[in-house]
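Each structure below appears as structure tokens.
What follows is a pair of complexes built around subunit A, which joins subunit B in one and subunit C in the other.
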Partner chain A sequence: MKLSAYFRKNLTLIIVLAVLSGLFIAAANGMESKDFVITLLRGLSVGSLTFLVASGFSLIFGLLDVLNLAHGTLFMIGAYIGWTVYVRPDTLVDLLTPLALLLSGFMLGDVWIALSNRILFGKRLKRILPWVGIFISALILFSVLKQYPIAIWKVANYAQSPVSISYLASQGQNILMPPVDMAGFSPLLGFAGLIAGSLLLAFCLAVMKAGKQAATICITWRNFSGFVVLLLAGILFFVFNNALTDFLANLNSNWLFLVAVLVAVASGIGLGALMETTLIRPLYIRPIYQLMLTLGLSAIGIEVVRAIWGRPEFTMPRPELFAGTGEGCPATSLADWWQYHCSTMLVMDGRIRVFNEILIPVIGIIVLVAVWMLLQRSRLGMVIRAGVQDREMVEALGINVRRVFTLVFALGVGLAALGGVLAAPSIGLSNLMGESFLLNALIALAIGGLTSYPGAALGSLLVGLLQQFIIKYGQIGIPIPFMDVIFKPSPPIVPASTILLMVIILLILPNGLLGKKE
Partner chain B sequence: MANHKPFFALKPDRGMLIALLVFILLPFVIGLFDGASPAQVWMNGSGQSKFIQGLAIEIFILALYALSYDLIFGFTGLLSFGHSMFFAVGAYLTGILLKNFGFSLAATFGMIFVASILQALLFGMVLPRVKGITFALVTLGMASVFHVLVLSTELGKFTGSDVGLQGVVVPDFISPATERLRLYFITLTILVVVFMLYKRFVNSTTGRVCTAIRENEGRALMLGYNTFYFKLAALMLSSLTAALAGMMHSIYQPIVSPNVAGLGFTVTALLIILIGGVGTLNGAIIGAVAYRLLDYGLRRYIGESASFINGAVYVLIVLFLPFGIVGTWRMKSLQINQGWKRLLGMFTNSQDKSDGA
Partner chain C sequence: MDYILDVQDIHTFIGQYHILQGVSVRVPRGSITALLGRNGAGKTTTLKSILGLTPPRQGKIMFEGNEIQGMLSFNIASLGIGFVPENRSIFRDLSVEENLKIAERKKGDYAGKKGFIFTLFPDLKRLINLSGINLSGGQQQMLAIARALVADNCLLLIDEPSEGLAPVLIEQLMKAIQQLSAYSTVVLVEQNFLVASQLAEYYVIIEEGRSVKEGKMKDLTNDKATIQHYLGAA
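Showing the complex of A and B:
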């Protein structure tokens, strides 16, 4: 009885799923089992990467109602940051000190707010003072950072551009740039400038906000702990710069890759939190403007990436565990692969790349399960699910939704950055990778249901499989029944096919396959 | 109807009249700066004036396109990500009909009229089923399919695939090379006519219902309006205007790049009406002027990284000027007027100092 009611309620969905699986079986019948397995695994790989972008996107859209069109750009930035850590650890180590010192001032935010509430500025002064301060601090920071020694590649010089560095690294020659010294002034002055600029900037921003936050803040030693920790960290990073660089450079490439993944995810989380608190938060009252803001941010992000890493495409070398080509390769089983560290593996006589077609889907499934557990089994997940259902109600129950918003935004961007750093060794880095994956993710979400987490997984899987099967059929051709012609879809059909699937599914089920009905 | 505005009124339309006058005199004044007499400009002599005319024609085309987007997004509240398809269909159809089929200009216009109604119907077909962001995605899908078709090698004979459509022979009397001044005035006339038509439409009962749909569609339905037909009407008018803009684009530009069919070009329209002010007709025109001049200036003086500044301008406008130039002007006009009065009062030392406070 219950089952029949379920069938009647979801008849359209069941028919659509049946048609899709029928198509899938037809596609599987049309090719040899070798081709089928390879295409299936490739589809899983693309689907996993798409899922990493789409899941964060759908969480953000579901809870915050923000259509984050910069998500693709953040995916790309994750990839580029991962590449930097993996290929040029010296640049990362050089960057740590100024970053820590820059952030240190902002750790005192509460102190500054309390202080600026105590000091009574005149009305005019209060309006002018922050801008003057911001200008001065920007001037200080700019002049210090311009001189600050960072061993970095040069986009204009081909021999030192990311393209040739990548090429050398893939040949096994990872040449670090010689360490650079402070040009023109002593390190102490540089540090003082950085700290002073950061403190002044944080103070001015606090003065700007001062009137708006009426709450009195109790100052204890805790408020200073973050500042002190970052200050010490910055100085320690500077003192042990060479040792840390050597340590990272001599690290086994598998561990270095893990470090790269962690740094990329961490910086994605940081970027997401920064973006939410500074730019998105003022715009919750004007939803359509958030969309335009994220569009603008994505344009800026692409240009920044172009300015720092250059326009040409390059690939990140794979870690040693997935790069072996010598004796015993291609591997015939997973144990074999573990023994010889092969880059390729034979599955049903078809050759697949271990990194792309085994590791990425595995990580995709792990993330799927982990986020699912987080959503279903933790208190935070409960708040998130409740917020997706009814945000006002959750607020009314006295839960600090603002903090949850920031967390979810940071988590979503972190997932995108994870996708990016995994995509870097498999499909390579380019300025346009973000846009194509954002489009994939949008299509996947539209197919699966915009705010549904399982829908994101199902949609990504469908998009990945469809794309790979169309590409494969473009090579072998589709025999059309009752005709002698073999139809070979040309490459542009690939994006069009997924888009057509999206349009058809949205016309039949306007909320997507698993989206909730309104 | 009580709230019908007159078709034309001197005082409220003062600004637009001045702008029209400026645009009529612009080629000749620029010519004078360059040392060319108005007669030379009239005879289409080459020089600075001709270049400025070209820039202005681009601005007019962009303004037409932005107006059409403003009608469906700013007034009717339909967020469409496939608007560039409206434009691109006009541009490509003009080029293909003139080049491959040897149509006359009038016949081409007729075909474009039919095509734009058809594509509005295509977009309208999905209207009852999908709303809000899903409508945006479906329209994005349709436009992307068109973009893929334009880029595909199978149709390369007609569309020139990723190189772009080129080699369109434009009838002599509006050729952008030899008769640019005439093309300038024709484009300007089209813009003025379309602008007045839009003004009439927005202030008509139909337009009022469209605004009501933007504000609260459920309430409009409750009041007994079949909102579908109103949205379809707005879509048709918008599609027709955008296709017309595309036609002028195809006539003026030597190459129609496939980029005009992509998502980026829809975003351009969004940016323009955001700069000018969403839901204001003069905003679309002012936005087009600001956008094109900014883009041109940045590309000329900064070069490659111009789109960085573009993005930054985008973000800054969203954060600090959310209602665009015209919207902010309308909100602040009272304060601005008071400020002027106070400033004048300081100089003339008049008695009405008190009204400033």
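Showing the complex of A and C:
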């Protein structure tokens, strides 16, 4: 009786141990130790990437109740943005000016609110005018942006497509970045158009929301500082465009990779915030529409990526720290690797790739700990944990839950983008990479418990390990005990195995390993 | 008279249901005002409408002389309204201390009010590191009230504090509410007429989504016919 109670209490632990020991015993039975270590590390690597997708997904689902089916697509977009920064920094630099000018109008948020409170429109005029303004500003922005010179590759032309550029970059050749065609573009007119469009757009959006904020706002010079800073930044980026491009292009590839990671994560955060405030927010009362929306967004995202970067798969070259092949390689220890910058390393006679099998798991663990600390130690984390449980009460305490929602959504998408940019050099970029990782992440979450953060980590780990072990067995075969048969799992069994694990675990623990009972 | 809160003929819908069909509540500054009425009369919805959790479609709500209807909930609460909901809504995964700290509106709120809170509810001091899920019903109720006291609230909306509690605990809670009413105005929703009549100075009776009677509690306790008619209690 006592024993069964003990089993029930520690079911999670027992299941995890059973799965792991199953893998390990099978491994001891016919797998060489080097194969075992390699497979273990690969599992950790895939698990870490899955975790980056799953953790963001579970944070968003836990607090906002949004099943963000576009999460995989955002993961993929992170990868493609990272590639762009890393391989074509000129495109990034060209984009900075219009981006800064576009955002500048929105930095005047409080001024717009005060202004729209001051101006009294008729009720009907107040309905129509903002839409007219938005339409006009969209026209202005569209006509300016169409002419704005931005260096970009040509998907249709193979010699200038991302595939060729990637190949050249991986050969260590300096890619010839063609100068931008400035003909037919007057900078002054372009700037004026962008600023005017941005101001008009921001003002119209403020008029739409007018009346819901607290009435009295004191306008000082501080309210204009953000606007001025972005304006100056936009102009400076334009003036020093070539210098900045040269600087980035000649930067050591390790630093450039870091820049790529930061830009990809920042764009993920920005994209997430934009998506939550504009598209998700109006649909909180209609969960089904929300589901359809994110599903549609994911399809749109894939098509956008196909239009900009093309359909063929390509890889992002690894930074120099992880790309060495010459003297002293493969490295025999981490110190060796640090000295020769080898791409591979020998661990127990097996060759592993340093970037894939060491860096990615390390980053996965760092993110796991960092987000855990954020949730447990900070005020934001406290509000998130409370909001998961009772949103209404958090709001009744005077906390702006909407802002927290936006932050969490942005953070979740940022994590996915981080996963994407790390996946780009290790598994390569393809239009479908997002879907497969989203599926993995969903299975991992179902295994770990949908809204549990440690559950996301545990589930991702199990999914990654299981997949890699099955793949390995596909190569070497499992000897079936008491029989003379060697069983080689075929590739379709790889995804099936994780689903099977999910089914078994959900049958025993309907809420997942670490999920809470509702 | 000086009214801190003046609810004027509000109409609230939940989904397609017309729940409040004209509720007016005036709350004199510094008083305890009880909202009375049978189950499902709309007392809780009135509190939620004041806070904007179920925003009214018609009518006016004045708080400290400003119109607050149509504002977002967190903005309304930040004006200085504390809410103790019916189900207590303690955050289960947070410790008692975190449950109090989360209610801070500016840094130092909790540190400043700690002393006052622990003299009102000495039990909480002992439970400070326990997580919300481990508290008993009475302890949860104390924590819910304490949480509303952390920020500088000049109005407290307390919903059914005595529900499901043992008589000893109810007495302790009544004492606490009496003490804290020296510092802020209280609107109390209470089924238990005995409790309400001992605590409140003023009352408003709500029936089927309408406010039907208001006045001084003193007069009501002597008016057995009204009590019988609207509340069904003796």
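As a working rule, the second predicted complex is superposed on the first by the 478 of 518 C-alpha atoms of A that agree within 3 Å, B and C clash if a C-alpha of one lies under 4 Å from a C-alpha of the other, contacts with A are read in each partner's own complex, and residues count from 1 in each chain.
Everything below uses one rule, namely that a contact is a pair of C-beta atoms (placed from the backbone, for glycine too) under 8 Å apart; a residue touches a chain by one contact, two chains touch by 3 or more.
Just so we're clear, the structure is a prediction, and the values are computed from it rather than from any experiment.
**Q** Is this a clash or a fit when subunit B and subunit C both end up on subunit A?
**A** Taken together on subunit A, subunit C would fit alongside subunit B, as the superposition shows.
**Q** Check whether A:Val394 is in contact with subunit B, with subunit C, with both or with neither, and answer first, second, both or neither.
**A** A:Val394 contacts subunit C only, not subunit B.
**Q** Answer with first, second, both or neither: which of subunit B and subunit C does A:Met382 touch in the superposed model?
**A** In the superposed model, A:Met382 contacts subunit C only, not subunit B.
**Q** What is the contact status of A:Val93 with respect to subunit B (first) and subunit C (second): first, second, both, or neither?
**A** Once the two structures are laid over each other on A, A:Val93 reaches no partner at all.
**Q** Between the C-alpha centres of subunit B and subunit C, what angle is subtended at subunit A's, in steps of 10°?
**A** With subunit A as the vertex, subunit B and subunit C sit 80 degrees apart.
**Q** State whether A:Leu230 touches subunit B only (first), subunit C only (second), both chains, or neither.
**A** So A:Leu230 meets neither subunit B nor subunit C here.
**Q** Going by the contact rule set out at the top, does A:Leu295 touch subunit B (first), subunit C (second), both, or neither?
**A** So A:Leu295 only meets subunit B here.
**Q** Once the shared chain is lined up, is A:Ile493 touching subunit B (first), subunit C (second), both, or neither of them?
**A** First partner only.
**Q** Have a look and say if subunit B or subunit C is in touch with more residues of subunit A.
**A** B
**Q** For A:Ala54, using the defined touch cut-off, is the partner it touches subunit B, subunit C, both, or neither? Pick first, second, both or neither.
**A** A:Ala54 contacts neither subunit B nor subunit C.
**Q** Let me test your reading of the model: by the given contact rule, A:Leu63 touches which partner, first (subunit B), second (subunit C), both or neither?
**A** Neither: A:Leu63 stays clear of subunit B and subunit C.
**Q** Please give the least Cα distance, whole angstrom, that subunit B and subunit C reach in the superposed model.
**A** 12
**Q** Across the two complexes, find the residues of subunit A that touch subunit B and also touch subunit C.
**A** none
**Q** For a test of understanding, state which residues of subunit C touch subunit A in their complex under the given definition.
**A** Going through subunit C, the ones touching subunit A are 51, 53, 70-75, 77-78, 83, 85, 89, 91-94, 98, 101-103, 105, 147, 151.
**Q** Would you pull the subunit A residues touching subunit B in the complex into a rising list?
**A** Within the complex, subunit A touches subunit B at residues 67, 279, 282-283, 286, 288-289, 292-293, 295-300, 302-304, 306-307, 439, 442-443, 446, 450, 490, 492-493, 495-496, 499-500, 502-503, 506-507, 510-511.
**Q** Within their complex, state which residues of subunit B touch subunit A.
**A** For this pair, the touching residues of subunit B are 79, 126, 129-131, 133-134, 137-138, 140-142, 144-145, 148-149, 151-154, 267, 270-271, 274, 304-305, 307-308, 310-315, 318-319, 322.
**Q** Would you pull the subunit A residues touching subunit C in the complex into a rising list?
**A** These residues of subunit A touch subunit C: 211-214, 379, 382-383, 385-386, 388-390, 392-402.
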